[in-house]
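Remarks on the structure that follows.
For reference, chains read A, B, C and D in written order, and residue numbers begin at 1 within each chain.
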Amino acid sequence: MKTILRLSILVFVAGLLAMTAAKPTRVIFFGDSITQAGVNPGGYIDRLKKTMPADQYELIGAGIGGNKIYDLFLRMDEDVLAKQPDVVVIWVGVNDVWHKATSGTGTDPDKFIKFYNAVVKKLQAANIKVVLCTPAAIGEKTDMTNQQDGDLNQYSKFIRDIAQTQNLPLVDLRKAFLDYDLKNNPENKDRGVLTTDRVHLNDAGNQFVADQMQKVLMVSK
Amino acid sequence: MKTILRLSILVFVAGLLAMTAAKPTRVIFFGDSITQAGVNPGGYIDRLKKTMPADQYELIGAGIGGNKIYDLFLRMDEDVLAKQPDVVVIWVGVNDVWHKATSGTGTDPDKFIKFYNAVVKKLQAANIKVVLCTPAAIGEKTDMTNQQDGDLNQYSKFIRDIAQTQNLPLVDLRKAFLDYDLKNNPENKDRGVLTTDRVHLNDAGNQFVADQMQKVLMVSK
Amino acid sequence: MKTILRLSILVFVAGLLAMTAAKPTRVIFFGDSITQAGVNPGGYIDRLKKTMPADQYELIGAGIGGNKIYDLFLRMDEDVLAKQPDVVVIWVGVNDVWHKATSGTGTDPDKFIKFYNAVVKKLQAANIKVVLCTPAAIGEKTDMTNQQDGDLNQYSKFIRDIAQTQNLPLVDLRKAFLDYDLKNNPENKDRGVLTTDRVHLNDAGNQFVADQMQKVLMVSK
Amino acid sequence: MKTILRLSILVFVAGLLAMTAAKPTRVIFFGDSITQAGVNPGGYIDRLKKTMPADQYELIGAGIGGNKIYDLFLRMDEDVLAKQPDVVVIWVGVNDVWHKATSGTGTDPDKFIKFYNAVVKKLQAANIKVVLCTPAAIGEKTDMTNQQDGDLNQYSKFIRDIAQTQNLPLVDLRKAFLDYDLKNNPENKDRGVLTTDRVHLNDAGNQFVADQMQKVLMVSK
C-alpha cells in the first residue's frame, strides 16, 4: 500500500511539473477557520508562499470559519471552481465533529462521507488535482482523553479510506500532530504545543502544517 | 398576501389541469419517516390514492426515515428527478430540528435555508411544480411547552418565507396541527391526538394530513 | 388559586415584617451569571439596594456564571446556608436548558425538578423563606421562534407548579418578559429590549427585574 | 504505587473478613442499566452469587437504567444507605458521557467529579467500604474510533484519580475491556465481543465482569 501511495504521489507530482511549464500551478487551500487564518502573516499559507517558488506555485486561501464539509460543498462553485485552480487541498472535519457538542449541528458520519465524495468528484470532473488532509486536533493531550478524540479518529479514518480507495495524496495531519505531541508534549497539555486553543495553530503549528503540506505538494524537490 | 397566495394556487392548479389531459399528473411526496409510512395501508398517501382520481393523479411516496433537508438534496437525482414527476411535495424539517437533541447532528438554520432553496431550484430547473409543507410537530402540547417548539416554529417560518417569496403553494401543517390540537386536545397531551409518539401519524393524523394535502393539490374541485 | 397565592404572599410578608424589627432582613439572590452581574453598578441587585430601605433589607448576591440547578445544590451550604439568610431568591433555569445545545450538559426535566425541590427543602429546613423565579429568556422574539422557547416554557412551568404546590412566592420573569416584549418589541428582535445578548440584562432589563423582584419582596408597602 | 494499591486491597479485604465472622458481608452494586440487568439470570451479579460463598457474601443489585452519577446521589439514601450495606460497588459513567450526544443532558466533567466525591464521602461517613469501577465501553472498536472514546477515557481517568487519591479498590473495567478486545476482537467490531449493543453485556461480558469484580471483592482467596 505504501508503494502504491508513493507511486500515486509521483504520478501526481509529475502532473504538477508538466503543468508548471507555462504558468504557475494554482493551488487553493479549501477549509475552515484554520485555513482562513492561514493567509495571515505567519499563517501556514503565508509561510508556504515564502518557501515554495512563486513562479511555480500560486497559493490561494479559501477558508471560512465554522465550515463543515457541506459548507464546502455549498460554496465550491463560487469560491473554488470559478477560480480554475490546478490543485485543491481539502482540509476539513474539525467542525463536523465539534459542532455536535457545541451547537447540536455536527455532521452524521455517513453524510460526511457522501458530501466529501461529492466535493472530490466535482473537483475531479473539472480536471482539478485533489489533495486530502485529516483534521488535526481538538485538544493536544496524547493519552486519548480529549473529548472528541474517538470521533476525530473516526472521521480521519473516513478520509484516509477515501484517499486510499481513490489513490489521492494525503496530508495526514491527525497522525502527524499526535506523533509530534507524543514527543513534544510530555506534560499532556491540551493546548500550547501546536495550537493556541486546542484547535487553532500557534507559530509552531503553522510552521509544522506548512512543512507537512509542502512535503506532499513538492515531494520530488 | 392571502389573495396572492390564492391566485398562485389557482395558477398552479390551472397548470396541473392543463397537464392532466393526456396522462395522470405524477406527484412525488418527498420526505422523511412520516412520508415513508405514508404509503402503508391507512397512511396519508394511501388515503389520498383512494380519494384523488387515479386517472388524473399518480401518487408516489419517496420518504426515508431520519431524512433531513440535505439528505433530500443528496438523493434527489435518483429518487425524484429520475422519475420525472410533474409535482413534488417537499415535507421535511422535523429531523433537522430533532437531531440537534438526539444525535448532535441537526441542521444549522442558515444551511437549512440554503439546502431547501437548492432543492427547490433544482426541481424548478427540471420544470417540476413544487409544493412546500411545514414540519407538523414534535409533541402535541398546545401551550408551547414541547421541547422543540421554538425551533420548529423558526424552521416553519423559514419555509413559509420561501413559499411566500417564490409564490409557491404551501401546506402549513405546523399551523394546521396546532389549530386542530387547540380544539381537540383539551388535556394538553403530548401525543395521541394526531400522532402516536409525538411525531408519527396515527389514523386521525394520516386522514388529517391527507385532507390538508388534497386541499392544495386539488383546490378547484 | 390567585387568592391563595395572594394570601401566601401576605403571610410571607407578614413574616418578613416581624423579622425586621431588630435587624434588617437578609436576602440572598441565588443564581447564575445574570445574578452574578446583578451586583455590578446598574445591576438589578445594585438597583434594589437603592430603592429598598437599607435598615430593613440587606441584599446579597450569590450568582455564579454557568450555574444550573445542581450547581446551586452543590454550593448551597457554603454560599447560602453559612450566611444565615432570612430569605433566598432562587433564579435559575436558563443554563439547564441552554447547555443542552451548547455543551450537551443540560439538565433532564425530571432531575431539574428533583434538585429544585431538594434546594427548596434544604432552605426551608433551615427556616429560610424561599422566593422562586422563572427563567426569563433565551431570545426576546415574541412569536415563539427562539430556539429554546419550548423548553424554557416547560421548565418555567415546573417552577410555577412547585410555587403553587408549596404555596411559595413567585417572580414570574418568563411571563413578565414576554408581556413586556409583546408591547415593546414590535420588530420581533431577539435582543436589545431587555437583554444585551438574548440572555443577559441591559439597563432596561436590570431595572425591569428590580421592579419585579421588589413587588414581591416588599409587596405591602 | 502498585504496592500501595495492593496493600490497600489487603487492608480492605482484611476488613471484609473481620466482618464476615457473624453475618455475610452485604455488598450493593450501585449503577445504571448494566447493573440493573446484572441481577437477571446470567447477569454478572447472578453469576457472582453462584461463585461467591453465600454464607460470606450477600449480593444486592441497585441499578436503574439511564442513571448518571447525580442520579446515584439523589437516590442513595433510599436505595443504598437504608439497606445498611458493608460494601458498595459504584459502577457509573457511561450515561454521563453518552447522554451528551443522545439527549444533551450529559454531566459536565467538573460536576461529575463533585458528585462522585459526594457519593463516596456519604458512603464512607456511614462506615461503608467503597469499591470504584471505570465505565467499560460505548463501542468495542480497539483503534480508538468509537465516538465517545476520548470522553470515556477522560471520565475513567477521573475515577482512577479518585481511587488513587483516596486509596480505594478499583475495578478498572475500561482498561480490562480494551485489553480483552485487543486480543479477542481482531476485526475491530463495535459490538458482539463483550457487549450486545456496544454498551450492555452479552454472556461473555457478564462472565468477564463477574471475574473482574470477584478478583477485587475476594482478592485473597
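Methods note: a residue touches a chain if its C-beta (ideal position, glycine included) is under 8 Å from a C-beta of that chain, and two chains touch if they have at least 3 such contacts.
The chain list, named the UniProt way, goes like this: A, B, C, D = G-D-S-L family lipolytic protein.
The model shown is predicted, which means the values in this text are computed figures rather than measured ones.
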Which contact partners do chain B and chain D have in common? A, C
Interface overlap for chain A and chain D, more than half of numbers shared or less than half: same or different? same
Out of B-C and A-C, which chain pair has the most contact pairs? B-C
Centre-to-centre distance between chain C and chain B (centres being mean Cα positions), rounded to whole Å: 41
Using mean CA coordinates as chain centres, what's the chain A-chain C distance in Å? 48
Would you pick out the residues of chain C that each touch at least 2 other chains? 100-101, 103-104
Footprint of chain B on chain C - complex, ascending: 100-101, 104, 139, 143-154, 157
Can you list the chain B residues touching chain A in their complex? 70-71, 74, 99-101, 103-108, 111, 114-115, 118
Residues of chain A defined as touching chain C within the complex: 100-104
